[in-house]
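One chain, subunit A, appears in both complexes that follow, with subunit B as partner in the first and subunit C in the second.
Moving on, here comes the complex of A and B:
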């Protein structure tokens, strides 16, 4: 009975549906506040205390608005895709090495499942743009996939570096080992940098917001989405923001420990990464797609390879 | 008449999160600069949850500036139709209200309301950002009272 309750708690409260959605909204608020402060503005102020309910108001408003399916679009795919992306990111959230559920779904290799589930929304963006049958959607979708080829390889290499260092492909094992060896962070600092840049590109945020560049192609893949479906896409994006940051926190920053300490540690480490990503969004301007591909393959990919070599040398010399 | 809890939550969310689409239907760019001005640190309309959006499908408010000419009338109508309900249209600037100095020209309609229904008019050539914020605040109060 107790076990059932624990599983239900994990599925629906934390790290399940409600807790994650709440954290996603909180992350959106933090992001907007940091962005505004860097621009000498104050950001949302009057929706709840210091505007903390602003993301909630946005989502409720989108949920209550008219839901348009354009006549030209492929109806089924257009309506189904936002849910697919949402489901993928929620499943990824359950794989995080935190909470009761981890005793059941943690297995060697779940790091890869996590990365695939986080990669799925990009494919969904592409398909969503394609099936909305609008020029901007198609352009945005094609750009999303082109961008995927640029950042995915350096990002994967960077994220797999801790796996190599700790000798495990299991998220909970990696975080446990890197928590007991704090110097590991220094050893893969380069990989951490590449992973942060890769996550920013995965989330399609400035300076890598090429697929949804609103000054060029309106809204990219989401151009034709409105109402409920846009709300789900918006939530998916914010969820990915949290889950991606939490993944990086668990493999690079030593995870979340065990017991009651998990939740505060989760908040601190995840929001530290969210803070870095928000600062990057505020400080940079958008790159062109060719600049991004050049940057990823000329600098990011060699950097991750170098990091890989460094780890192998450490392993061979039996320092780590 | 007392509104139900759900209706009140919906109204709260809607009024606190107005996403704006800006459309120039033939303005001289004066009003457009002032609209962008409202987003800058000095006025910062994001305080009220107002955000500038690029796609009409995402927007709640259409800020249209400029006298409507024959070419832009059909496009203005189309953009208005693409916005999901409930939607608000604000005519920004004297030209958008009545046609302004261009009224009576051979190619000019007389203002935004000749193409789409308008909820609020802001005069000025160009409008002041304070006037835009004031109009939005009055409009919010009007929606609340209704």
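Moving on, here comes the complex of A and C:
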């Protein structure tokens, strides 16, 4: 009975649906506040204490708005895709090495499943843009996929570095081993940098917000979306923000430990990465797609290869 | 993908005002571009001809929301010449102070918009915050943040007292320290430079043959600045340099504007120091002319030309405005060649477009035949239209 309760708690409260959605909204608020403070603004102020409920209010407002399906679009795909992206990211959230559920769904190789699930929303963006039948959407979708080819390989190489270092493809195992060897962080600092940049590109945030560049192609893949579907897409984006940051925290920053300590540790480590991503958003201009491809293949990919080589040398010399 | 036609505008997030650009693109590359204006025609010239000179003053102030003083200056200079009156020295100094303050706030606004176009909202927020300093000065001087209403024929409406002058100097000094930051961004910030460098290149031959004006031309190495070229107001008594960049790309135009900010601060300081005592206005007659006058003024966006045909009555017989943006549009179409789709907002922003002040007239095209309506057809059409109305 107790076990069933624990599983249900994990599925629906933490790291399940409600906890994750709440954290996603909190992450959005932190992001907006940090972004605003860097720009000498105050950020959201009026909804809740220091505007903490503003992201929730935004979602509620979007939910109540008119929901339009363009006549030219492919109706089924257009309506189905936001849910697909949401489901993918939510499943990824359950794979995080935290909570009671981990005893059941942690297996060697779940790191790859995680990366696959986090890669799905990009494909959804492409399809959503394509099926919305507007040239801003198509441009945005094509840009999303082009960008995927630019950042995905360096990002994967960087994320697999800790797996190589610890000799395991299991998230909980990687975080346990890297927690017991704090010096591992120094060993894959370069990979951590690449992974942070890759995550920013995956999340399509400045300076990598090329697929949804507002001043160029309006909203990119989301141009034609409105109302509930747009709310789901935004929520998915914010969920991915949290889940992606938590994934990096668990494989690079030594995970979240076990017992009751994991919750505060989760918050501290995940939000540390969210903080870095928010600062990055405020500190640069948007790149052009050709500049991004050049940047990833000229600098990011060699950096991750170098890091890979470094880890192999460490392994061969039996230092790590 | 084959060639795709993209329409940017009249409603588009990159544009704050209605203009339509249509592009033929091959993937992310632009093959050809065309522009269409006329979405914000407000009939200002007709309005000028139907109202007397003093009422026209209020209309010219409202041609543009940002460079309203530039238009009002051109108008006042034209009418003063037709009325054959000369404003006192002190009035001219006050006019130039307001003019330079306007240039400051216009360029600071533009820097913010340009940064926003490439997603660099932090610079956008910073520059608009600094712009508030200028807006506060203008409010203190004229009572208004925009449309300063400082000009009247034969002088200015409000004086600048010693306390105000001290206040301006203090604020300008503070601002000047901040301005170096914007020049630094244009020279050193890698992500910003990457988006502006070699984008929308306009050679100096193209700039002069296509008639580009203001910072757009100065960014391509064309030395054109009416504060130096023409003798008007009291700019010949002031020591300042015309900022010229040779590169001709969007970055050059950015740096020209950023440097002009510093120059404007220098000019304001000199103006306040040299300002003579005396009257601020002379009495003006009610009627002007007969005369035909062309007045030019260096607005923040370039040469602003006003044409006045005064027939000796208290109303202009014909009035024509050529706003600087209109002169920059042919050059803009040249800049688009071989650019990326991602460069569209950067290139549009780089000429600092002010579309609503540009729209002077619209050509009415028959949708069936494609022919433009002649003056006679238009008159017949309006006669028919009014005849139909009266019957109802």
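FYI, the second predicted complex is superposed on the first by the 320 of 320 C-alpha atoms of A that agree within 3 Å, B and C clash if a C-alpha of one lies under 4 Å from a C-alpha of the other, contacts with A are read in each partner's own complex, and residues count from 1 in each chain.
Just so we're on the same page, contacts are C-beta pairs under 8 Å (C-beta built on N, C-alpha and C of every residue); 3 or more make two chains touch, one makes a residue touch a chain.
Since we're looking at a predicted model, the values are computed, not measured.
Colleague: Have a look at where A:215 lands relative to subunit B and subunit C in the superposition and call it first, second, both or neither.
Modeller: both
Colleague: Who wins on subunit A residues touched, subunit B or subunit C?
Modeller: In the superposed model, B touches more residues of subunit A.
Colleague: Once chain A of both complexes is superposed, is A:46 in touch with subunit B (first), subunit C (second), both, or neither?
Modeller: A:46 sits against subunit B, while subunit C stays out of touch.
Colleague: According to the stated criteria, A:282 is in contact with first (subunit B), second (subunit C), both, or neither; which is it?
Modeller: In the superposition, A:282 contacts subunit C only.
Colleague: Classify the contacts of A:38 with the two partner chains as first (subunit B alone), second (subunit C alone), both, or neither.
Modeller: In the superposed model, A:38 contacts subunit C only, not subunit B.
Colleague: Quick check on the superposed pair: does A:6 touch subunit B, subunit C, both, or neither? Answer first, second, both or neither.
Modeller: In the superposition, A:6 touches no partner, neither subunit B nor subunit C.
Colleague: Quick one: is A:68 in contact with subunit B, with subunit C, with both, or with neither? Answer first, second, both or neither.
Modeller: In the superposition, A:68 contacts subunit B only.
Colleague: Touch check for A:193: first (subunit B), second (subunit C), both, or neither?
Modeller: So A:193 meets neither subunit B nor subunit C here.
Colleague: Quick one: classify A:207 as touching subunit B (first), subunit C (second), both or neither.
Modeller: second
Colleague: Check the residue A:91 against both partner chains and state whether it touches subunit B (first), subunit C (second), both, or neither.
Modeller: A:91 sits against neither subunit B nor subunit C.
Colleague: With the touch criterion stated at the top, can you tell me which subunit A residues are shared between the subunit B interface and the subunit C interface?
Modeller: The overlap between the subunit B and subunit C interfaces on subunit A comprises residues 39-41, 214-215, 218.
Colleague: With touch defined as at the start, can you tell me which subunit B residues reach subunit A in the complex?
Modeller: By the definition above, subunit B touches subunit A via 9-10, 12-14, 16-17, 41, 44, 46-49, 53-55, 57-58, 60, 82, 84-86.
Colleague: Quick one: in the complex, what on subunit C touches subunit A?
Modeller: Its residues touching subunit A are 4, 6, 12-14, 28, 115-122, 125-126, 129, 189, 191-192, 194-195, 340-345.
Colleague: Which residues of subunit A touch subunit B in the complex?
Modeller: Residues 32, 36, 39-47, 51, 53-54, 56-61, 64-68, 136, 214-215, 218-219, 222-227, 230 of subunit A touch subunit B in their complex.
Colleague: Using the touch definition up top, name the residues of subunit A that touch subunit C in the complex.
Modeller: Listed in rising order, the residues of subunit A that touch subunit C are 38-41, 135, 139, 206-207, 209-210, 213-218, 282-291.
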